[in-house]
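Multiple structures follow.
Each of the next two complexes has chain A plus one other chain: chain B in the first, chain C in the second.
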Partner chain A sequence: MDKNKYKMLVNKYTPKENRLYNGLIAFIVGGLMGVLGQFLVSFYAYYFSVPTKDASVFMIITLVFLGCFLTCLGFFDKMVSFARCGLIIPITGFAHSMMSAALEYKKEGLVTGIGANMFKLAGTVIIFGVVSAYLFGLLRVMVIGG
Partner chain B sequence: MIYLNAFLFAGIVCLIGQIILDNTKLTPGHITSMFVVIGAFLDVFDIYDKIVLWAGGGALVPITSFGHLLIHGAMDTVHNFGVMGLFLGMFDLTSAGIVSAIIFSFLFSLVFHPKD
Partner chain C sequence: MTFKYNNVYINGTSTITGPYEAKGPFNKYYDKSYDNFYCGTKTWEQAESKLLVESVDTVLAKVMKVKKEVDLHISGDLLNQIVSTNYASATLGIPLIGIYSACSTSVLGLILGSNMLDSDQIQNCVVSVSSHNNGSEKQFRQPVEYGGPKRKTATFTVTGAASAYLSRKESPIKIESATIGRVIDLGVTDPYHMGAAMAPSAATTIYEHLKETNRDISYYDLVLTGDLGVYGKKILTEYMRLEYHVELNHYDDTACMIYDLENQPVFAGGSGPACLPLVVYSYIFEKMKRKELKRVLLVATGALLSPTMTNQKLSIPSVSHAISLEVNHDLS
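On to the complex of A and B.
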C-alpha cells in the first residue's frame, strides 16, 4: 500500500470533530455568559445602588467565584469539555485554570505545590497582557499623548 | 436591547476562539494570551470603550476586557505622572479579578480535594 492510500485510509477512520457543532455551542454558551455578566452588572447597580463601573467589578468577582467553586465541585471540567471556548474565553476560564492548577499541585505542599504552581497556566495571560499593555500604552502616549 | 448586544458580542468572541482552536494546533493558553493582546490593542484608539458602551457586561466578560482594563488603568495614571505612570497604575482596575482568583483558589484548594 503506498503512502497516499494509507493516509487516506487513516483520515477516513480518525474520528472527525464536528466543527460547526463546536462553534455553535461555543457561541451560545459564550453569549449566555455575556448575558449573565450584563444581568449581574444591572443587578448589582440596582440593588446596591453603586455606579456601573463598580458593579462590573462585583460582577467579575462573582464570576471568578463561580468558576473556582464549580471547578472544586468537579462540574466545571465537564462543562469546559462540552463548551470549550464558550467557557475558556470568559473570565471563568482564567479562574478555572488557576483553581485546577492549585488543586492539582496541592499534594506537593503549600509553598512548593500551590504557591509555585498556581500561575502555571494563568501566568501567560498576565504576562502577555502586561507586556502588550505596556507597549501599546507607550505607543498611545507617543501618538495621542495619553 | 443591551442583553442582545451582550449575547452577540460575547458569543462572537467565543466563536472566533473556538474556530481558532478547531482549525489550528494552538492550545487554549495560546488563544487566551492572543485575546488579551487583541483587547489591549483595541484600546489604543479607544475602540474597546465604544464596544463596552454598546455591549455592556457582554464586553467585560471575555478575557479581552482584561487587556483593555490593564491599559486603561495605566492610562489613568499617565495623566498624572507622565510615562512613569505606565508602571504605576497597570493593575489598578484588574486587581479585583486577579486578587479574587488568587484568594478563592488558595482558600478552596485548602478545603477541597481534586476530583478523579
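On to the complex of A and C.
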C-alpha cells in the first residue's frame, strides 16, 4: 500500500476532535478569566488606592500565583485539559507550563534540573513574545509614529 | 525471518504493576500492584528499575531458582540508554543482554532467549521488560503536571514490569515459532497516533509469519497485538483485508484490554513495552492453562519514536515481532 492510500485509510479511522465544543468551552472559560482579571484590577485599584497600571501588575501576580499553586496541588492539569485554550492562552497557562516543568525536573538538581528545564515549554513563549512585541512596536512607529 | 523451536518452554512468569493497571480488569491476576507511581523510591526512573528487579525476583521464587543458577537475563525498557534495565541489572547481577525495540521489546526478548535455548547455548534465561507512565511522559511528551490537551488517538503508557523464565524443561506453555519483523514506515508523523504508525508493521509481520510457516490465520485461536489502541486495531483489521486478503476474526489488542476504557482516562488504550506481557502473562496464560486457548500468536508492536526525529519532521518507523505460543499437549 502506498503512503497516500494508507493516509486515507488512517483518516477513515481517526476520530474527529469536537472543535466547536472545545472552542466554546475555551471561549467561555477564557472570558471568565478576563472577568476575573478585570475584577482583580478594579478590586486592587479601589481598595489599595493604587493606579490602574499598578493594579494590573497585582492582578498578573495573583493569577500567576494561582496557576502555580494549583499546578503544585496537582489538579490544574485536569482543569487545563478541560478548558484547553481558555486557561492556556491567559497568563495562567504560562505559569502552569513553567511550574509543571519545574516540578518534573526538581529531582535532577537546582541548576541541572530546575534551572535548565523550567523554561522548556515557556521559553518559546518568551522568545516569540519578545520578537512579536518588537515587530509590532516597529510597525506602530512606522504607521502612527509612536 | 521465521524460526521454529523444538523444546523451549515458559516455566513461570511474573507481573508487577502500577496504580492504573490495578484498577483495570485483570487486577486479580497480577502478582503485585503499587498504589502510586513512586513505588517507594524517589523518582519515576528508579521506580521502574525497582519494578523490574521485583518482577525478576518474583519469577525466580515461583520457579524455585536462585540468581546464580540463571544463565542469562534479557531485558529492555523505553527510557534513554535503557536505564531501568541497566540499573536493575546492577542489583540483580545476572549476565545481561539489554535490548531496545520500543514496545516490541518483550517479544524480541522471548525470541532471543528461545533461539539461544534451542541451540543449547544456555540452560535457562529470564526475559523481562518494563515501562513507566510518568517516566515515558517526561521523556517523550510533556511534563506530567502539564495539562495540554491530548487527542483521542493518544495512548497511556503502562506502568509495570513483567518477567518470564524460559528453559527446555517441559511446562504447559510451549514457544513454538517466531518471526522477526522488518522496520516499516508508511509516513505517519503524528506522535499522538502511534497505532496508525505501527499497524502496517504488525500486518507485515503477521503476513510473513503465516507465509513462512505455511499457515492460515485460522490456525490460531487468537492473534494478539501489543499496543495499537482502539483506532490502530481498526486500521490493522482493514489493512490486513485490503493488502493481504486476510480476515482477522479471532483478534484482539492488549492496549484495548488492560484498562477499563470507559472509566479510566486512558484515551485510545494502553501502550508501552509492558502492556502486552502484563496481559499475556496474567489473563491469557490463565486461559491457556485452562485450555480455552490453545494456539496464540503474539505480535508485539513497537513505534520507534524519537522526539528529535519527529521534530525534524520525519515520520515514525515501526517494527513488530511475532511469537507463537502453544499449550503443551504432552503434559495434559
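What we mean here is this: the second predicted complex is superposed on the first by the 121 of 146 C-alpha atoms of A that agree within 3 Å, B and C clash if a C-alpha of one lies under 4 Å from a C-alpha of the other, contacts with A are read in each partner's own complex, and residues count from 1 in each chain.
Here, a contact is a pair of C-beta atoms (placed from the backbone, for glycine too) under 8 Å apart; a residue touches a chain by one contact, two chains touch by 3 or more.
Given the structure is predicted, the values throughout are model-derived calculations rather than measurements.
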More chain A residues in contact [chain B versus chain C]: B
Partner chain in contact with A:K7 - chain B first, chain C second, else both or neither: second
Chain B versus chain C as contact partner of A:G31, first or second or both or neither: first
First (chain B), second (chain C), both or neither touched by A:A45: neither
Contacts of A:M79 with chain B and chain C, given as first, second, both or neither: second
Partner chain(s) touched by A:L70 [first = chain B, second = chain C, both, neither]: neither
On chain A, positions contacted by chain B and by chain C: 17, 22, 74, 77, 84, 88, 99-101, 103-104, 121
Contact footprint of chain A on chain B as seen in their complex: 2-3, 6-15, 17-19, 21-23, 28-29, 31-33, 35-37, 40-41, 43-45, 55-63, 65-67, 70-71, 74-75, 78-79, 83, 86, 90, 93-94, 96-98, 100-102, 104-106, 108-109, 111-116
Complex interface listing, chain A residues touching chain C: 1, 3, 6-7, 9-10, 12-15, 17, 22, 71, 74, 76-81, 84, 87-88, 96-97, 99-101, 103-104, 107, 120-121
Residue numbers on chain A that touch chain B, as the complex places them: 17, 19, 22-23, 26-42, 56-57, 59-61, 63-65, 68-69, 72-74, 77, 84-86, 88-91, 93-95, 98-104, 106, 114, 118, 121-122, 124-126, 128-130, 132-134, 136-141, 143-144, 146
Of all residues in chain C, those that touch chain A in their complex: 42-43, 138, 142-153, 186-188, 193, 196, 200, 231, 234-235, 238-239, 242-243
